[in-house]
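Heads up, the next two complexes both have subunit A, just with different partners, subunit B and then subunit C.
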Partner chain A sequence: MDIVLEVNNLKTYFYIEQGVVRAVDGVSFTLEAGKTLGIVGESGCGKSVTSRTIMRLLSPSLARIVDGSIKYYPAGSPPIELTQVDPYGDQIRDIRGNEIAMIFQEPMTSLNPVYTIGQQIMEAILLHQDVSKEVARARAIEVLRLVGIPLPDQRVDQYPHEFSGGMRQRAMIAMALSCNPRILIADEPTTALDVTIEAQILELIQQIQHDNDMALIMITHDLNVIGEVADHVIVMYLGQVVESAPVDDIFDEPKHPYTQGLLNSLPMIGRGERLEPITGSVPGPHERPRGCPFAPRCPHVMDRCRAENPPSFTLSPASEVACWLYAEEIEVGP
Partner chain B sequence: MTTFIIRRLLSAAVTFFLITLISFVVIQLPPGDVVSNWVRQQEASTGQPLPPETIENLRRTYGFDEPVIVQYFKWIDGFPRGDFGFSIEYSNAPVADILAQRTGLTVFLGVATLFISWGLAIPFGIFAATRKNSKWDYFLSTLSFIGISTPDFLVAVIYLFIAVFVLKTDYSGGLFSQEFKDAPWTWARVVDFAKHLPVPLAILGLGGMAGTFRIMRANLLDILDQQFIEAARAKGLRERVVIYKHATRIAINPLISRVGMQLPLLISGTIIISIVLDLPTLGPPFIRALNRQDMFLAGTVLMILAIILLIGNLIADIVLAWSDPRIQYE
Partner chain C sequence: MTPVEAVDAGAILEIRDLRLHFPIKAGLLKKTVAYVKAVDGVSFSVYPGETVGLVGESGSGKTTIGRCIVRLYKPTTGYIGFRTSEGVSDIANLDKRELQPIRRDIQMLFQDPNSSLNARMRVGDIIAEPLEIHAIGTADERRSRVEDLLEHVGLGAEMYNRYPHQLSGGQRQRVGVARALSIEPRLVICDEPVSALDVSVQAQVLNLLADLQEELGLTYVFIAHDLSVVEYISDRVMVMYLGKLMETAPTRKIFERPAHPYTEALLNSIPKRVRGGHRKRFVLTGDIPSPVNPPSGCVFHTRCQYAKDICKTESPPLMPLPDDPDTSVACHLVDELSLSPYYTSEERAGMETNRA
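Coming up: the complex of A and B.
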C-alpha cells in the first residue's frame, strides 16, 4: 500500500457577511498510488471545496481551514502538511500542477482564450521543469498526441476557440499531465460533455492513470461515473462524509439512507420501477440541521438523529458509515 | 490583415463623406445664419438698422444665397487645396489658419491625457480589483465615484484652485506665456510650453481617470472569477503571473475598444475645461462658431472630430484584432 495523500477530519469554513458556511465539515480519506477515490454528492455538498482545499486554491480571506490535516507524501522525501503551507508560497506552487494536477468541470472556460493551447501547456512545463522552449514544445505536442488530439503538431498552435468541447477537455487533461503528476484531481471532468465524449474521456483518464501509476480523485455528482472509475467512494452530504466504502459495496449494499436514496433515484435501463427521489431538498448553508445533516429528509429518522450528529461507525476495515441505524450493530470506539 | 485595413479605410472614407454632409446641413438647420448674427451685432453697436441691400450684398459675397447643397460642394471643393473656407467670426480669416495649430495641440493634449489617465487608472484598477472589498478598494472606489459624479468644469476649477493656492504654482491658465502665444516654434517657446503643460495635463488626465478605473476594476473582477484563472493557479503559476499574464491581458480588451471613442471625447468633452483653463484647443473656437452659425469653422471642427473618431476606431480595431485571437479579420 503506497499512500500518497491522507486527509484527516478536514474542516474548511467560509466566513462571509451572512455568517459562517461550514462547507467542509470533517472529511477524512486516504489515497493510494494507482487507485481512484470517488467523491460523490449533490451540488453544495463540499466536494469541490475539498479539492480546492487540498490544492490550497481558496482565498485565505474568504475560506479558512479550521481543523484537520492534509498530508501529502512526496516520492522519497518527508510528508508535507498542506494545511500549514503558505497558499501563495513557493512550496505549494511547486506541488501544484507538478505533483498534484487538476482538471475542471467546464472545458469551455478553463482554458485562457487569448493564448494558444501549446503556450498554455508549455507554460506549466517551463515552470516546473528545467528545459528549453523547444523541448517544452515537443513535450506539449507529445502529451496532446497522448490524449488523442489528431494532428497535434498543428493543433498545438491553435487557440481554445478552435477546439470543440471534448477536444478542450482533452487539452486540459494534456495540460494536467504535462508534468507527470502523482495525483490528478478531476472535478466533474465530464459533466459538461456529451455522453459519448464522456465515455472516451473517462477511458482516457483511466488509461493514463494506469500507465503512470497515478492516484486519481474523481469528483462527481454522477454515480454512473463513479461506478465506472472508482475503487473507493466517499459520499458527501452538507460537508460531511456520510459513507465511505469500496465501490462494489456502495452499489451492492449501500448503508447510509442518503446513499440508498441516491441509488434509488438513479435511472437504469431495464429497471421497470418508478424512480424514487429523495424527499425534500438540500437545506441552505445557514439552515443546517442540529443533529444529523440528513435527518430532515431521511425515511428512517429517529429522535436521536435530530439531536445528535452521528459519528462514523466502522463496519469493516474499508467501510464506515455515519448513521445511528448502525449504532447497535457494532461497538462504538472510545 | 492588409485587406482588413484597406476595407476599413474605404468604409471610413464613405463615413467621412456622410459626416461632412450631415454636419454641414445640421449647422444650417436653425433659422438665421452667420450674416444675420453679424448684422444684429452691427445694429446693436451702431443703433442703426443696416440697409437691406447691404445685407443682401453680404449674403451674395459669401455665397449664402445659394442652396445648401451647392454651398456644401463649394466648401468641400477646396479641401484638396487645404482650403476649408473662411470664418466670419474671426474677421474672414481662413479656417485652416485658425485651426492648424489648435488641431496639433488638441491631438497632442488628447494623446498625452490618454497616456496619463490610462497609465494611472489601469494600475489602480488592478490594485483595487485584486484587493476586492479591502479598505483600499473602498477608498479608491469611493474616490472614483466622486470623480465620476463631479462635472468636469467644476473639477477644473477645483484643480486650478489647488494648483494655484495649495501647491503655489504660478499657473494662470493657457499653454503659453503671453509673449509666446502666437510666436513661431523656437526652443524658448518649447521650454515655455513644457512649463505650462503639467497643470492642464494633470487636470485633463485626472478627469478621465475615474471612468477608466471603474471599467478596469469591474472587468478584472469578472475575469478573476473565470475558471481559467483558477486553472492557471492550479498549474502552480505565481499570483503575479496569473493576474498580469492571464487576467489583465483579457480585462484590458474592452478598454482598447474604448480608446476609439475616448480620443474625440477628450476634445469635445473638454471644451468647458479648455475655456476655464484658456487652453488653445479646438474647443473654444468650436463653441463660438456653433453659437454664431459660423458654418465653415464649425463644420471643419466637426469634421476633424469625425476624422479623429474614425482613426481612433481604426487603431482600436487593429490593436484589438492583434490582442484578442478570437476576433476575426473577415
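Coming up: the complex of A and C.
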C-alpha cells in the first residue's frame, strides 16, 4: 500500500460575525497512489471545504484548522504536515499545483478571460519548473493534445471565450496535469456539463490517472459519477463523515440511513416506482442539530440520536459508519 | 410560408413548423451578419393531462421552445395553437393585449429558484403578484388563496411573511411552483425545475409536481437534460438536437426501442449500474456544432457513427414509423439500423418484478 495522503480528524471552522460555522468537523481518510477516493454529499456538507483545506486555499483570518492533521507523503522524502505549513509560504507553493493539483467546478469562472489558454497553462509550468518559455509552451501544447483538444498548436493561443464548455473543462484539466501531480483533487468537475461531455471528461481523467499512477479525490453530489470512478467512498453530512466504505458496498449495501436516503432519492430508469425522498432539507450552518446531525431527517431516529453524536463504528476493515443503529452489533460482536 | 390551420382537434397545444432565428449584428451600422437558428422547424402536439419531456444537450433549443410557448420570445415564423374554451388561438402571432387572457392559462416554472424570485418581496407577495396582475379577487381573497397555496406546496401559511433568502433551495422552488399555480393555469412549462436542487430535495419537488398534476389535471411540458428525471415524470419524450426534433415517442419506447442514433447515444451516456458495477459509457465524440452554421443535411451527421453520404446532403424529415405511428423519427437510415436500447423488454420486466 502506497499511501500519499492521510487526513485524520480534520476540523475546519469558520469564525464569522454570526458565530462559528463547523464546516468540516472531524473528517478522516487515507488516499493511495493510483486509487480514487469519492467524497459525496449535498450542498453544505463540507466536501469542498475539505479539499480547500488540504490545498490550504482558505484565508486563515476566516477559516481556522482547529484540530486534526493532513499528512502528505512526497516521493522519497519525509512526510509533510500540511496543517502546519504557512498558507502563503514557499513550501505550500511548491506543493500546490505541482504535486497536488485541483480542477474546479466552473471552468467559466476559474479561467482568466484576459489571458490565452496557453499563457494560463504556462504560468503553472514556469512557476514550478526551471524551464525556458519555449519549453513551457511546448509542454502546454503537449498537455492540450493529451486532453483531446483538436489543433492544440493553434488553440494554445486562443482565449477562454473561444472554447466551448467541455473544451474549457479540458483546458482546466490540462492545466492541472501540466506538472504531473501525484494527487488530483476534482471538485465537481462535470456538474456544469451535458451527460455526453461528462462521459468524455470522466473517461479522460481516469485514463490519465491510470497512465501516471495518480491518486484522485473526486468530490461530487452525483452518486452515479462516484459509482463510475471511485474505489472507496466517504459520505459526508454537515461536516462529518457518516459512512466510509468500498464503492460497491455503498451501492449494494448502504449502511447509514442518509446513504440509503440518497440512493432512494435518485430516479432510476425503469424502476417505475415513486421516489422516496429524505424528508426536510439540510439545516443551515447556524441551525446545527444536537446529537447526530442527521437525526431530524432520519426515519430510524431514536432518543439516543438526539442526545449524543454517534462515533464511527468499524463494521469491517474497510468500512465504518457513524450511526447508533450499529452500536449494538458492535458491542455484542467479538 | 403557407399558413397552417389547427388540425389536431384533441391537442391543448399544437406547434407547427416553429422557427426562431436570432440575428447576430456586427459592425458600426449593426448590420445583421448571420442568424443563430435556435429553433428550426419544430412541430408537435401536447394533449391535456400529459407530461411531455423535452430533452437535449445545451444549445439544442429546448429552452427556446419553452420561452416561445409563453411568448417570452416572439417566434420568427410558425404556428403555436393553444386551445381555450373559446376556441384555438395562435399564440405566435398575438400582440401584447391579445396575449393577456391566454397568459392566465400558461405559466412557467424556472430553473434557478435563487434568481427567479424577487429578493425584495415577501413570499406571500411573490405568489400573489400574478393574481394582482390579472385582477383576480379582493385583497382578502387573494391572501387566503396564497395561504392555501402555501399549504398545498408543503410550505405552510406561516411562510407568508418570509423573504426568499430565509428559505432553502427546495423551499424556494416550492414558492416558484405556488406562484405558477396561483392563477390556475392549464399548461405549465417546467424549464429544468429540479436541476439546481440537491438530490434529496429534487425527489421531493418531482413528487410534488406529479401530485399536483393528478389533483389539478395540469399539462406539463418538462424541459430537462437529465434523462432519468425525464423518464420518471414524462408520458412522452421529444429528443432535440441543434434546433430540430430527432425523435418523439412514448417514454418507455424511447428507452426500450430508440429509433434515432442520437437517442441511442444519449441513452448510452447515462450512468448505469449493471451486475454490481457501473458500466463503461459509450462516449459521443466532439461538441454540439454551432447553431450559426449548422452542418448540411442531417444536423447530427458530424457526430453520428452510422452516417452515410445521403446524411451529409439531405435533411431527413420527421416521419412516423410505419409499424408504430406513436414514434416519429428524423433519420434516413431508420429502416436499416438496429440500435441498442437502454434496457430490453425482458430487463424491464425484471426490474418490475424485483420491486414487486
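In this text, the second predicted complex is superposed on the first by the 330 of 334 C-alpha atoms of A that agree within 3 Å, B and C clash if a C-alpha of one lies under 4 Å from a C-alpha of the other, contacts with A are read in each partner's own complex, and residues count from 1 in each chain.
Assume a contact is a pair of C-beta atoms (placed from the backbone, for glycine too) under 8 Å apart; a residue touches a chain by one contact, two chains touch by 3 or more.
Since we're looking at a predicted model, the values are computed, not measured.
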{"item": "Clash or fit, subunit B versus subunit C on superposed subunit A", "value": "fit"}
{"item": "Subunit B versus subunit C as contact partner of A:57, first or second or both or neither", "value": "first"}
{"item": "Touching partner for A:31 - first (subunit B), second (subunit C), both, neither", "value": "neither"}
{"item": "Partner chain(s) touched by A:208 [first = subunit B, second = subunit C, both, neither]", "value": "neither"}
{"item": "Which of subunit B and subunit C A:96 touches, first, second, both or neither", "value": "first"}
{"item": "In the superposition, subunit B vs subunit C on subunit A residues touched", "value": "C"}
{"item": "Which superposed partner A:159 touches (first subunit B, second subunit C, both, neither)", "value": "first"}
{"item": "Contacts of A:248 with subunit B and subunit C, given as first, second, both or neither", "value": "second"}
{"item": "Subunit B versus subunit C - smallest C-alpha distance in the overlay, whole Å", "value": "5"}
{"item": "Subunit C residues touching subunit A - in the complex, by the definition given at the top", "value": "57-58, 168-171, 198-204, 206-207, 210, 225-229, 231-232, 255, 265-266, 269-273, 276-278, 281-285, 287-288, 342-343, 347-348, 351-352, 355"}
{"item": "Touch list for subunit A against partner subunit B, complex", "value": "52, 55, 57, 88, 93-98, 101-102, 104-106, 109-114, 116, 123-124, 127-128, 159, 161, 172, 175"}
{"item": "Of subunit A, residues touching subunit C in the complex", "value": "42-43, 164-167, 194-200, 202-203, 221-225, 227-228, 248, 251-252, 261-262, 264-279, 281-282, 284"}
{"item": "Contact footprint of subunit A on subunit B as seen in their complex", "value": "226-228, 230-239, 246, 249-250, 323-326"}
